[in-house]
Amino acid sequence: MDARTSAVVEARGLGKSFGRTVVLRDLDLCVVAGESLVIFGPNGAGKSTLLRLCSTLQRPDRGSLSLFGTTEGGAGVRRRIGLLGHQSFLYPDLSARENLEFFARMYRLGDPERCASAWLARVALESAGTRPVRVFSRGMEQRLGLARALLHDPELILLDEPWSGLDAEAADLLSALLQGLRRERRTLIVATHDFERGATVADRALILHGGRIAWATSAGEAPRALDAIYRRITGAVAA
Amino acid sequence: MRSPPEVWTILQKDLRLELRTKEALSGLVVLVVLILLTFTFALDPEGAVAAAPAVLWVTIVFAGLLAVQRAFLSERENGSWYGLLLCPVDRGAIFAAKLAGNVIILTVAQSVLTALLMLFLGLRLPGSVVAFVLANALGLIGFSALATLFAAISVRLRAREMMLPLLVLPLLVPVVICAVEASRILLAGGTAASAGVWLRVLATFDVIVTVAGWMLFEQLVLE
Amino acid sequence: MALAIRSRLAPLADRILPAAATTAMLTALWCVFLYVPNERMQGAVQRIFYFHVNAAWSAFLGFGIAAAASALFLWRGRIEHDRLAQAAVEVGMLFCTMVLATGPIWARPIWGTWWTWDPRLTMTVILWTIYAVYLVLRMVGRDDPEIARYAAVLAVVGILDVPLIMVSVRLWRGMHPSVLTAPEGTGGLQDPRMMRTLLVAFVAFALLFLWLLWLRYEGLRLRDDVRELELRIGARHEARG
């Protein structure tokens, strides 16, 4: 099958509940290789849950989810996925460099030290490399978390509110990084509240509301005027 | 089953973190001393010497349960646990690394405990120190295997402080019986041979529970 | 496949098991109280033996089934196996409690003591605690979607541990024979009627075990079905509203 049209993420009837709260219901989604999907939605709509399901951190209660063509999880699948969640998943008492070297080793990357240095430079954190993550600002931690998520050159990149906590400079850095990843034909799924920046990296967009897809861009259509559509659908004042 | 290099990487990371923060060890050692003191006041001084092996193991078990749970919880709370789960590493390797880390920490605590016990009760050094150390190591490995495995469950439940002892203690019976008995024999001056049968049962227990834990840990990290 | 087995068994079980179990148990009661003679040395209280012994193997069988079903569940992920495991634990717990209740009732008049650390009895106490922990775990973790897996891991590690517990307990008891044990020996089953009674009681307990297991399994299945329906109704309401 042509790599460019093979589905990286394929969800059918996806459902997830926590106790009695249903967070995702009957979700169908297909993301093909090289595509960049941006998901908008109010808090509690299920964006984070959807991303976590796609990262293998959680399993669906209902329906099926296949990643890279297989419903079995496993180390092989995890290697090809990078996730940046609300938390950075970093060790607060290790330094930035130590964190990246640790994860580089866990992903069996050759020359973990050089890899860590390179990524510290790419997210503009070289000067803070030896400081423990505990003392980082939210923006710094977010940037380091991004480095951690991208360290192993994953094919599928999942980002949950990546621009939150970043100042304008860092946000531009992130956008540039993401554009670079798009050029490399990686698959991106980004959940965000930021309509402007989200639209700049999106091939496709959808709005999640009450655990369902409330709206999606038509095929081939560039996402536009998203915040107006969003307000109409959710009946809320956009953030 | 080849032991992947990630086991060592994770263990190294955990030990480095512990050396840096001393979070687990400090609380554990203080707790161990306090439980020992409680026993000292509770026990009739004449019976205390005979009870020494029992005190040794009961103390380390109860203190250890809290320590193992605490370590798991703190890693979950700061999110780094999930970073670890995202890595393409065999879950059994994570279990092995956590197990090894817990054994090391508990060994340190138990050494302190043993030294204090001997001091307070005026015990003599065991005849065969090597065998004594071995007996303690085997007991701690078995205990840590159960505790590490079930802490992955209890950490997700409400009433987790109560659930871990509930889950571990019934299955821990062989360790309690054999480790205490082996310690008793060795502290009384016996040789490794005389404690042989207890050590063999302990070793068998360790192998079975460690292998089971390695294979089952995967099941406990799904959400 | 499990569904096919169940649908074939269900009508059979519903119709035959209650009648068979009740008949067998009534027969057993008659045998134990009226048919079989008093045992020479122990007198009337020895009759409890027929219940005690059968409850004992039932208790252990319950755990065996629970462990096997749990292992299958962990391997295959079919919820039916988890239900079977839970049902087996509940039924096994019942019989385990029976053993621990009849033990002292038997021991007191015969050996003058309420409790002995006989290895089998000790083993039964430990089994009882493992059962109890399983049930507490399921109760406390009710809302966790993965609770079935946790309980299954407990059951599997439990069954692996059981031989080790037996060995340790025997060794332990071997160290304190005079203090802990009561003189053993019941003089054997002298009368052929005793053997027959034991057999009848065995069959009665086996049928009762199966019947209770079936009832509990069905109960759990219905509970899950109700929950599923509730979720679907809830979802439909939300879709409309």
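Read from first to last, the chains carry the letters A, B and C; within each, the first residue is number 1.
Just so it is clear, contacts are C-beta pairs under 8 Å (C-beta built on N, C-alpha and C of every residue); 3 or more make two chains touch, one makes a residue touch a chain.
Given the structure is predicted, the values throughout are model-derived calculations rather than measurements.
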By number of C-beta contact pairs, the top two chains: B-C
Innermost chain by mean C-alpha position: B
Centroid distance [mean C-alpha coordinates] between chain B and chain A, Å: 39
Chain centre separation (chain B, chain C; CA means) in Å: 32
Distance between the centres, which are taken as Cα means, of chain C and chain A, whole angstrom: 50
Residues of chain C whose C-beta touches two or more other chains: 145
Junction residues of chain B - those touching two or more other chains: 222-223
Residues of chain A engaged with two or more neighbouring chains: none
Touch list for chain A against partner chain C, complex: 17-20, 22, 25-26, 61, 210
Chain C residues touching chain A - in the complex, by the definition given at the top: 143, 145, 231, 234-235, 238
Residues of chain A touching chain B in the complex: 55-59, 75-76, 78-79, 81, 83, 85, 87-94, 98, 102-103, 105-108, 148
Contacting residues of chain B [partner chain C, same complex]: 146, 149-150, 153, 156-159, 163, 166-167, 169-171, 173-174, 177-178, 181, 197-198, 201, 204-205, 208-209, 212-213, 216, 219-220, 222-223
Chain B to chain A touching residues, read off their complex: 5-6, 9-10, 13, 16-17, 20-21, 78-80, 82-90, 222-223
